[in-house]
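First chain A sits with chain B, and in the next complex the same chain sits with chain C.
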Partner chain A sequence: MEALQTLTVQDLWTLAPELALLVASVVLLVVEMFLPARVNRDLIGWLVMLSLAVSAALVGVHMADLQASGASAVSVLGGTYRVDDFANILKLVVLAASGLVVLLSLGSVRREDIPIRGDYYSLILPAALGAMIMASSAELITLYVGLELMSVTTYVLVAMRKSRPSSGEAAFKYLVSGGVASAFILYGMSLLYGATGTTGLGEIGAALSAGSDPFERLVNIGFYLMVAGFALKLALAPFHLWAADVYQGAPTPVTALLAVVTKGAAFAMAYRTLFNAMGQDERDLVLPALAVLAAIAMIVGTTGALRQSDTKRFLALSGVANAGILAIPLVLDLSHVHTSLFAEFVYYLIAYVFMNVGAFAVLAMVERAEGQTGLDAFAGLYHRAPWTAGAMTVLLCSLAGLPITGGFFGKLLILFGTVQTRAYWLAAILLATTVVSYYVYFRIIRQMYMRGGRTEEPIRVTTPAGIVIWICALASVALGVLPRPILSWIDAVFSLPADLMVR
Partner chain B sequence: MTLLGSYLTLAAVLFCLGLYGVLTKRNAIVVLLSLELMLNAVNLNLIAFSKYGMIPSLTGHVFTLFTISVAAAEAAVGVAILIVFYRRRVTVNVDEFDELRR
Partner chain C sequence: MLEAIPVLSLITWIPLAGALLMILLPTRNARALRWVAGLFTAVPLVLAIWLYAEYKPAIGGRPYEEAYTWLTVPLSRAGAEGIASLELAFDYLMGVDGLSLPLTLLTGIVSMMALLASVHIRKRWKTFYVLFLLLQTGMYGVFLTRDVVWFFIFFELTLIPAFFLIGIWGLEGREKAANRFLVYNGVGSALMLLAFLMLVATAGFTATPGAGGDALRFSGSYDVLLANLSGSGSQSMLASDPIFQLSDGMRWAAFVLLVIAFGIKLPMFPFHTWMLRVHAEAPPSIVMVHAGVLLKMGAYGLIRFAAQLFPAELREAADVLAVLGVVGILYGAVLAFVQKEFRLLLAYSSVSHMGIVLLGVASLNDVGLTGAVFQAVSHGLIAALLFLIVGSLYERTGTTRIDELGGLAKSVPFMSGILLTAGLANLGLPGLSGFVGEFLSFLGLFESMKVLTVFGVLGVLLSAAYMLRGVMSITFGPQSPRYDGIKEARFVEALPMVALVALIVLLGVYPSLLTGPMQPSFDPLVEAFKSGVGG
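Let's look at the complex of A and B:
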């Protein structure tokens, strides 16, 4: 038994990015309560942006410190919380994505849609905080608390459009599927705890690698249950049925948040848990199941998107296919020499964040003008807002994976990974679904350029949303033109054994 | 060990009953109750392992406390969402949650 540890100032400094968000969210909720009604609630939104920026700056300082000191990680709170480069990179992605979502909300949310906008903005902070805790936790209880902090907050965010019954319906569906997912993950965790007597990821991994385990079946069942729970959270087919409904019912910026932040955090959780807690026997037995799920997700997501006539449902199914692609580096065989899997994953995740948030930003603008989110709302967009249509074309090309975009290089890197580790069947499915996805995404491009719109009236793009759209479009191109600097940065910062493994 | 086995069996039965309830029940409140049943099966597992497991430890108790409080928060949010929905549609029948299709 360890001696009782006290929280030192050094520990608080290590936790500073999280604490900044925590303090900001509590303070802003109280400030919102006492702010006179005549003050525009967008003020809260800008303050939320500020606190996200502060937190991101603190993460950056930690990364620099970590590089300078040469240590691989800083552990606090009795080894349950771990600040390493894996966590820091994913935290930066989460914070950037949340920032883009808040900026998009500032430009697209109307008072009649979401009457309580102050609360809406300040609730994005705990969601980002939960995602950061998930990226950093080295222990099952911490992981679970982070997961639920993020999930419960997003349930509320989905229900924010109180005037429409579809919002409440989406929130209820999300709550039930999310609750079932956490129940599965928890049940798996309880079996792991029972077999090893500990909740630390590193200790579980060490105990399972040691061999001669009397609870071997229990452990395998536990991992299968956790994989099912992760698949529900990640919307991997066949656990994806909630995604289309929830995405459609939620306010559009919240949909973007669900598509990038919760998915990114769920991937952080899956990578951290499955890499650390599994011994080689478990990897051989359980990861093929996840590989099959990833393959089904790519196929079902792509073919399902073909049949959708609502843009949000369309993007939900595209998210299912992309979740399958992002899961590929996780399931590759580690016994081959293949060390760049994290770089592949993060590169595609960054590309995915930009192209998805950008597409949702354009959708939010179209929805504002048209009052609906059908694919036909994009008809004639080229005549109504030529620049926005151009940006959307770039984003859709990136989603489809056409050359000189971030999505292309992300898919290419993951494809190289599958070939290097001789997972040829995954490579084949990835290629085939990519080819089909060209047709899928060109459905929107066809609407924008070749169909006449209901009116020729120009669509007004608000300044914050315009900034989001152009940041995302330019970032997608930049990721495609200059993949080298980003990849070499990730490779320089991250090394698999030192940064992901809790040892 | 036999006692551990019986507790684990009971927890597994509870978990399956909860899952069955979530998937089949029409009343949204009962769906939420079934969800709680699944989470409580986990609690039973954790407590059984921390008392009768191979390596008994307090961690299971701590985990249970966290699970109980988080599940309470989740249930509260669930009921709140249901009230928001009920104000618009005046139904808690899950079969009528059908506005989002296609």
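Let's look at the complex of A and C:
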């Protein structure tokens, strides 16, 4: 790596989306302190929405610039930070998901539940910022900084329901498991650095592809450790045990944040690292391990959800299964002709964001009315809020992978990839767990339509939450009916060698 | 005239449009809802009848075909030379031929009759009709689409409404029945999807040379699959790459997956348990659709995909299928004989009759195939009629147990007469449609497997025994005083009953009405069986 460079104005512009979030979060934290108590803290929430939108607009401008200039990427800070289409696409997903979560919070968080709502809103910004840094980093240290920024913020967010002991318990568990994940990842990183003498992902990959390596075993152990750390962050079974407890204890919008934003960022990290830093030998050795993790995650997630009676734990395990599905494109053989791996991954990730946030939004409304999150809280929802029950049905169909929804199409594309690369065993597991998942997700549908509720009294859906629910439900259908725009867009802006690869 | 409009799409999507419209209507006005549902069910039926009348077997369905680009997924082409484009294409393709046409008409007729029979529905009408219309779109789509991915989508689209229809409006054990329905059919559709994707990734490949290099695409088009699998496709150099060839093992794998997938739906003998519960627990109008049309999707898929795409494999597996068919026939018949519940008797009777369809397919000749489709249509009508009466009787007596009913001919002579006619049609009385289907299937099988045919025909004898036992003890014998005051069929009930009986008689005395359009469609398939060329 070259000597330290000075940060130019041009570089600041490259970092503008991240800087926007950074400035906003600092300013809002200060504003919160000086704002008179009588001012509704929802104001901060709307300002957070605004800064997320500004950041997303800046990302959009960067994408247009990149497209116009014809260059594949802009690197700053000595090549450690890289703005390419891989990063930009994932940043947009992260920002959109965070925006939905904030909107949902505006419609569901109660003062009794989270007394410090101003801080709550402004803490979502650093989490999104960390996720964006993870998507853009081309170097181990930067990656780690992004990871820790996101993790530490989410530890705090999980603990926000101060009045409930379960929230503290969840935060503690999340802290410990997150710490373990960081330790695994750091240890793996240190082994890679020790063997190759560099922390740049591209340089590591080049060194490992170069030929005989005296530290081959150590490098492999390093990768295995990193995969274990990633798996912990992604909640891939058997590293998923924290998920159910943490999801249950956290405030519902934060659970949604954990389910989509941290997971998306962790996948960005996994993609970037595993594609770049590995030579072919390492790919052959380490990726099968990840494939096994993906398979176990699908099986454990689906069968585990079969027995859950709490909706949040249920959705946590559904998230485990979906993480397994999302990991499939990562582990498939590159040498065969098939979808660009990334397109199917991003497509399913987008579908997953919508269906999951939507489901959590409905859950948040049910929780407000019922005061609990058991599956039976959904009983009779059809009579109490027919439109919301309809939207939830669409979202659950998407989660189960039934046509015509985004979830169906994402699964179909991933499945097609496995069949084309002749990974039939993964295809079989994906299909088998999908069938079981019909039964799993229809448990909620049965509650909504076929059971009588505690009361017949209508459930009030707040406007922001209603908007979130309907954006998510309609997007899930739209993704299923017209998957083409998104896929063509990804194809137009993204190409594997130019955008994901650092070297 | 019909060629000028996208008639197949109209048939398929009009019910969905009706469903969307109904969501917006007020819930209170049950009568208006019923009329709207009736209208949106009737229009596709009229179109289907019109199409049937216009269809010319010699030309086939070509004038009605529709093809639109729906979705192309660009595939990564990094590192490939001389290629203009590489994509995965799932197009919107609709088509009709002698195989799907009768089943489309059947769908229309049974849906209309089931809709009329839905007067028994006493709660949540609006949701019922919305789901019912959705179900119709799924059923029409299954028979009319020509793209495997769309086929899968429509197939699943029947699954979701049917789950709700069974689970909300069924009898006491409805939830369990709905769950079983969902899981068994889910397994079937998953196997089907795997087989389809295996085919798309290999046989779905086409290369079109162009100025800027070859345009390569993986396609789910049924015609492309058929052409490539039968070796008549326009294969380029690239297509001879082993990646795009199905090995023998893979062909067999795909064939077996398809047979099991559609065998579950049919249902084929070891996979039939789920449908018993559905027959017993679902609301009568839904059982009409279920026994009348949904099971026939299995027969259709079996012929359309397993037989037409893999004639060579089918030829070798024909013995196994025929044995399974005969086992199904006898097993269903024997168990039907001991049932005390009339619905279950009919359920086992369905297992038995669908075994005959399997025999027709396994016969490998056009007589047998025609028989299989004829049997599917005829049983669709008969089963719909039987369950229509069962529904009406249940509404009046509150039971369908054979030992609790009796002597109904005294109080409801009209319905008893219809029940007797339906029972006779079901046992295969000549002059009614049931006879023709069974006769053709057995005749076809007799050409190829004589011994099995003999065993199969035994089932027909048994069916006379169980049907007459069931029907007689319901209509004749001492009448329980409980049923003295029960009323004869209302007009809305009598109308579909008479209509179905008329159709059953019509097909019985004039079968070429149905067999006419079919024959030419099976010619290429029968050729493939004869020549033994891997299809």
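We adopt the following convention: the second predicted complex is superposed on the first by the 498 of 503 C-alpha atoms of A that agree within 3 Å, B and C clash if a C-alpha of one lies under 4 Å from a C-alpha of the other, contacts with A are read in each partner's own complex, and residues count from 1 in each chain.
One rule holds for everything that comes next: contacts are C-beta pairs under 8 Å (C-beta built on N, C-alpha and C of every residue); 3 or more make two chains touch, one makes a residue touch a chain.
What you see is a predicted model, and the numbers here were worked out from it, not measured in a lab.
By the touch criterion defined above, A:455 lies against neither chain B nor chain C after alignment on the C-alpha atoms of chain A. Of the two partner chains, chain C is the only one touched by A:446; chain B is not.
With both structures placed on the common chain, the touch criterion links A:10 to neither chain B nor chain C.
With both structures placed on the common chain, the touch criterion links A:145 to chain B but leaves chain C unconnected. Of the two partner chains placed by superposition, A:209 touches none, neither chain B nor chain C. Contacts of A:420 after superposition on the shared chain: chain C is touched, whereas chain B is not. In the superposed pair of complexes, A:248 makes contact with chain B only, with no contact to chain C.
Applying the stated touch rule to the two superposed structures, the chain B and chain C interfaces on chain A have no residue in common.
Interface of chain A with chain C (complex): residues 336-341, 343, 382, 397, 402-404, 408, 412-413, 415-416, 419-420, 427-428, 431-432, 434-435, 438-439, 442, 446, 449-450, 482-484, 487-488, 491, 495-497. Against chain A, in their complex, chain C makes its touches with residues 70-78, 80, 86, 88, 127, 149, 152-153, 156-157, 159-160, 163-164, 167-168, 174-175, 178-179, 182-183, 186-187, 190-191, 193-194, 197-198, 200-201, 243. Residues of chain A that touch chain B in their complex: 140-141, 144-145, 148, 151-152, 155-156, 159, 162, 164-173, 175-176, 179-180, 182-183, 186-187, 189-191, 193-199, 214-215, 244-245, 248-249, 308-310, 313. Against chain A, the residues of chain B that register as touching in their complex are 8, 15, 18-19, 22, 28, 31-32, 35, 38-39, 41-42, 45-46, 48-50, 53-57, 59-60, 62-63, 66-67, 70, 73-74, 77-78, 80-82, 84-85, 88-89, 97, 99-102.
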